[in-house]
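Two complexes, one shared chain (subunit A), two partners (subunit B, subunit C).
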Partner chain A sequence: MLLTLALRNLWRNRRRSLLTLSAMVASSALLILALGVFSGMFADMLASGTEQYHGHMVISARGYQEDRDLFRTFAPSDINLQTLEARPEILAAAPRLRSFGLISHRTQSEPAELLGIDPGREARVTTLSQKLQKGEPLHAEDQTGALIGSGLARKLGIDIGGELVILTQAADGSIGNDLLTVRGIFASGDRHQDNALVLVQLGWLRQLLVLPNAQHEIALRLGEPLLAAPLADTLATSLPAGFEVLDWGDLLPQMRDAIAAYDVSRLIMVGVLYLATGLGILNTFFMSVLERIREFGLLMSLGVRPWQIRLLVLTEALLMGLFSLLIGVSSGLLLTWYMAQVGVDLSDYISPISYAGGTILPRLHAVFIFDNFFIPALLLLLISLLAAFLPANRAAKLHPATALREG
Partner chain B sequence: MKKMLFFGLGFIGITASTALALDLTALVREIEGQYNGRSSLATMQMEVSTAHWQRNLQLQAWSQGRDQFLVRILEPPKEKGVATLKIDKQVWNYLPRVERTIKIPPSMMGGAWMGSHITNNDLVKAARIEEDYRFSLQKEDEQTWTINGIPKPDAAVVWGKIVYQIEKKRRIPLVVDYYDEQERKVRRISFDQVETIGNRTLPLRMTIVPQDKADERTVLTYQQLIFDLELDPTVFSLGRLRTP
Partner chain C sequence: MDDLRLAWKNLWRNRRRTLITLAAIAVSITLMQAAHNLSFGVYASMIDRGVRAGSGHLSIYRQGYLQDRDPKLGFNPQNLAAEISRLAGVESVLPRLYLPGLAQSSRDSRGILLTGTAPVEEYRINPFLRKLPATQMIREGNLRDALVGQRLFEELKLSFGGKFVVTLQGQEGELASELLRVRGIFTSGIKDIDRSLVLVDQHRAATMRGRPQQIHELAIILKPQADERWLLDQIGRLLKNHPQLILVGWQEAMANLADAIRLDYAAQKFIFLIIILIVTIGVINTLLMSVMERIPEFGVILALGAPSWRLQRMLLTEALLLGVIGMLLGSFGGSLATWYLRIEGLDLRYFVSSSLEFGGVVFDPIMRADWDLRWMLKMAFYVCGLALLAAWYPARKAGKISPAGAMRHY
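After this line comes the complex of A and B, so read on.
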């Protein structure tokens, strides 16, 4: 009975109901779209910060990531890569060895980081070797090939096929030196990587450093990067003592802060937008209640209890909320889907921005994140009920006689 | 009139003390250049011990004045022929295994030289210490002078303070302490095995101990030292760096 009555009441003043409904639909749909695009921006940033170089998670000897001490190594047999990859959360794992040294071409020399990788495995964890500007990725059989950053290549004046002299201190104190051939030049947008990173073969670097059978870290790619922190904790307990598992938040604390700040600003955005929507709903319902004072008085004198009046107004609000939720969320999803599939390319207007250890790409591109739909939808319902609460109270507190007279 | 007299006396006093004082800058120059002479040829042994490795290198070194310096590894066989050439402020390394020469860029001058506790900067900056630092006599007793070196305001230096302890009688260094900008002692070089070579008396062994790793050290011992010989100027060239 109540539901029919509420529906009929809404239908009675179609124009007002539709106007309110459209405000609610537009605000929720646009909010969902904005959150999707915003999240897309952060997903790009996170991907560039983690998937280009670090990986989502890194396993290393305790303390290595802090001082990058050449001697904090472990043997491949200490941690089995297949066992790691058998976990459903982990998509791929890649071993690495790292050293810092001097690289030189003809008369130019520059300090650089040498990262020894297993090309096949690394390509499944990080994307640097897919960001080649020129040349080709490393092949397992080409032990003296190297990929270098575009900035470094420019400083050294070197091109594909050019010869690099490498000078570093080996683990036995001797002077490690060898020649490499540049196979590819990558451009990632990250200044450190482009200006000071050389990707080399793991086997070659082990020989150069006189560190046979050693590695510094295992980089992991995860299915759900945002769930890295809890996984790192569980993984750490399954490893032998002396190892640590760091997720991207530990490796890039600025990135973690940026994303935490985003989470807060997301809530503020929702709050501000819904405050406005809520005021709109409040206004509508006050109007509709004031218009119907005589009607409520009649209902009451016919024996309808005040709580039933209150429930009636709240049901009207709930119905409005449900309608707008249905239309708003589905059109929000549709808009997000469009932005995820097509997006907007801004590269003509702005260049990539380095921020918090990642790179924000010059594009508007949305991603689907459950919270971005769930929170606006839930809040929309709450807001419509909250906004209807005052008018409903007002209606319930009417005295039948005065109401009839006033109306 | 009285004032003027006072002023005049003061002036005479200052002049007198300057004339009598020890020329600290000249003394430091003498100490820093003790192994150089006009030219020199040396054979030395360098023992490096760190937490991770023990190295024992046999080296041969040539110098011309203080600005030209060439050193080549004789042993161990794995590193035989690795050489360093210093001309003024520039340093090159020759790597016989790959037959290439690398110039050390400014950003790498703080790096270890040949896996020891000596840095490339030590090779370069030692020649300019008395230009970059201002010296004062901190302490003097029967046997020794203790001299403080503080960098001049606009000098590009590595150390915040250098303290020399010098034996008066033979004018030789005993200990040199190096401090960083926060006045923390970073390393100590001590000298011993004093011998007389020609008309020079000098310590033939120097021990470098980094203060943050007290059980690590580099010991450099001169086994043979010849001064003031005639050296072909091409000794100090990139060409000769490659071909001994």
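After this line comes the complex of A and C, so read on.
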């Protein structure tokens, strides 16, 4: 009965209701779209740090990630990869050895990071070998093959099949010097990876560094990257002493901060937009209450209680909120879906941007995140109730006799 | 004038509605002006710190150097630096060399970017060196002094005064090694820099490269009030004798920073667009309501012989008044907010660590606004114009009323 009455009241002044509704729908739908695109940028940024390089979580000897000390290694037998992968949260694990050296081709040389990988395992943890611009991934048999970043390849003037001279310091103090052949060139968009990273065979790097049977870290891929922190704690207890488990937030503290800051700025953004929307709703409801004063007076003299009047106005607001939520969220979903499927490529206008230790790719690409829909939807309902509160109060405080006379 | 008085009176007949609409217009102008000025200030400070630590407001390179930063493409500045620093508005001219190489300590090795500079000027200008004690700064001259990024210092297990070897490629492709000594360490907050920068005197770096007179970059730092266009012209004239050199602005030399700012501002503009859309709908709604409830009145006016364009003009005047008052109130609020945010700033230290990097510069966690009066005016008039535009539909509706029907309306 209350519901029908509220619906009819809204429909009585169709144009006004529809205009207010359109403001609410527009604000929520566009807001959801904007949040989806911003989250997409953050997803790209997070991926540039994790899925393209570190992995979601890394196991290493205590302190290794701090200084990347060549000598903080451990043996493959210390931690069993199969046992790790048996855990349901962990999708894959890959061993790595790391070194830094000077890479030369003819008369050009550039400093770079050498990352020794097990190609089969690495491909399941990180995605760099899928970002090949040219050439092919590393094969297990091809011990002297290498994948290099596109920027590095350009600076060195090298192409597929070209020969690289590697110069680095080995563990025994000698100079490690060897040749590699470029098999593939990757382009990830990340400045560091594209300009200063070379992926080589784990076995080859062990020989070069005179570190037989050693590795620096095990990179892990998780099903749920955002739940990495608690998993890191439980995993740490099951490992032998002297090891540490770091999740991406520990490895990239700036990025964790940036994401936390984004969560705050998202709320501010929603708040600012809804302030403007809320004023519009407030206006509409004041108008609609004021023009019905006489009607409310009549209802009250017929015995309707003030709280029922208040409830009626609030129900009208709630209905408006629900309608706009329904249309706004579904058009927001549709827009987000479009931006997720199609997106906008900005690479002609801007270059990749480094942010908080990661890289934002030059594209607009939305992702679906529950909070991006939930927060705007919930706040939309709240703001419509809040904006109707004052008008509802005013309607409830009317005196039947004066109200009747006023109209 | 009559129109204005009538419109004014009409507006105040329904005080509450007018006030709420005014609030919506004013609040959104205030918010947009404050948000824009805040970004404006933040960008300005990012650019200022970025160019001082980086390649200057303007910089000179050998043609083709910027594409791949090939260390072979150096040039001999001769007396160009001295000539440019004599121009009005130039604060400093920094010569720099950038040489990729390998640093080795007794423990480990790392890839580095050996940067040669003029130590005294660099110390005065570069914001990264502000906290560095003068005794730790490298000395002028062809010495072995090196300033090392803090991460690099730790990773190579160096010590103050400790030695390390830098290997890099000479002009002809031969590898050359040189012993350097740690004079000081610095922290910029940018991972890549702290992990890879080694700063030495320009003469030492040039000698290691095997081209003692050459540099890669002349970074020109301008004074705050410098006339950039005039300077571009003057420096361009000086470069006439050096056909192989080009002059570029920081937007080109530091594309990362320029793009970061553009992307950030584009996101903000999108939000502004939504706000304006909502306010416009709100204004249409209010004016439409005020037209609908005055239909009988309009009928009387028309019946008394007023032409319908006068009615429309009155309604448009009401909208204009709403827009102008909203604009004034909003701009006042925006100015107040800017004034506060300029003095006090917005402190984000609670949310972010002190060294969040954005577009290659450290983001100051205390954001400070700055005045962008032209934009504030533009925005205010824009919203005012929108209010007029929003009145068009209700006004047209009022113009089409037939007097007899209107008077029967209630």
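Here is the rule we use: the second predicted complex is superposed on the first by the 380 of 407 C-alpha atoms of A that agree within 3 Å, B and C clash if a C-alpha of one lies under 4 Å from a C-alpha of the other, contacts with A are read in each partner's own complex, and residues count from 1 in each chain.
Here is the rule we use: a contact is a pair of C-beta atoms (placed from the backbone, for glycine too) under 8 Å apart; a residue touches a chain by one contact, two chains touch by 3 or more.
None of the values given here were measured: they were computed from a predicted structure.
J.: Quick check on the superposed pair: does A:E141 touch subunit B, subunit C, both, or neither? Answer first, second, both or neither.
T.: neither
J.: Could you tell me if A:Q169 is touching subunit B, subunit C, both of them or neither one (first, second, both, neither)?
T.: Both: A:Q169 reaches subunit B and subunit C.
J.: Mind working out whether A:R16 is in touch with subunit B, subunit C, both or neither, as first, second, both or neither?
T.: Only subunit C; A:R16 stays clear of subunit B.
J.: Just subunit B (first), just subunit C (second), both, or neither: which does A:E110 touch?
T.: both
J.: For A:L102, using the defined touch cut-off, is the partner it touches subunit B, subunit C, both, or neither? Pick first, second, both or neither.
T.: both
J.: If we overlay the two complexes on their shared chain A, which of subunit B and subunit C does A:I353 touch? Say first, second, both or neither.
T.: In the superposed model, A:I353 contacts subunit C only, not subunit B.
J.: Hey, is it subunit B or subunit C that touches more of subunit A?
T.: C
J.: Under the stated touch criterion, which partner chain does A:T277 make contact with: subunit B (first), subunit C (second), both, or neither?
T.: Second partner only, subunit C.
J.: Counting contacts the way the document defines them, which residues of subunit A are shared by the two interfaces, the one with subunit B and the one with subunit C?
T.: 71, 102, 104, 107, 109-111, 167, 169, 173
J.: In the complex formed with subunit A, which residues of subunit C make contact?
T.: The contact residues of subunit C facing subunit A are 16-17, 20-21, 23-24, 27-28, 31, 35, 68-70, 100-102, 104, 106-113, 154-155, 157, 167-169, 172-173, 175, 191-192, 196, 255-256, 259-260, 262-263, 267, 270-271, 273-275, 277-279, 281-282, 284-286, 288-289, 292-293, 348, 351-353, 355-360.
J.: For subunit B, which residues count as touching subunit A in their complex?
T.: Touch list, subunit B to subunit A: 48, 50, 52-55, 78-79, 82, 93, 95, 97-98, 100, 102-105, 107-108, 111-112, 114-115.
J.: Can you list the residues on subunit A that touch subunit B in the complex?
T.: 71, 102, 104, 107, 109-111, 165, 167, 169, 171-175, 177-179
J.: In the complex of these two chains, what residues of subunit A are touching subunit C?
T.: Checking each residue of subunit A against subunit C gives 15-16, 19-20, 22-23, 26-27, 30-31, 34, 38, 66-71, 99-102, 104, 106-113, 154-155, 167-169, 173, 191-192, 196, 253-254, 257-258, 260-261, 264, 269, 272-273, 275-277, 279-280, 282-284, 286-287, 290-291, 350-351, 353-357, 360, 362.
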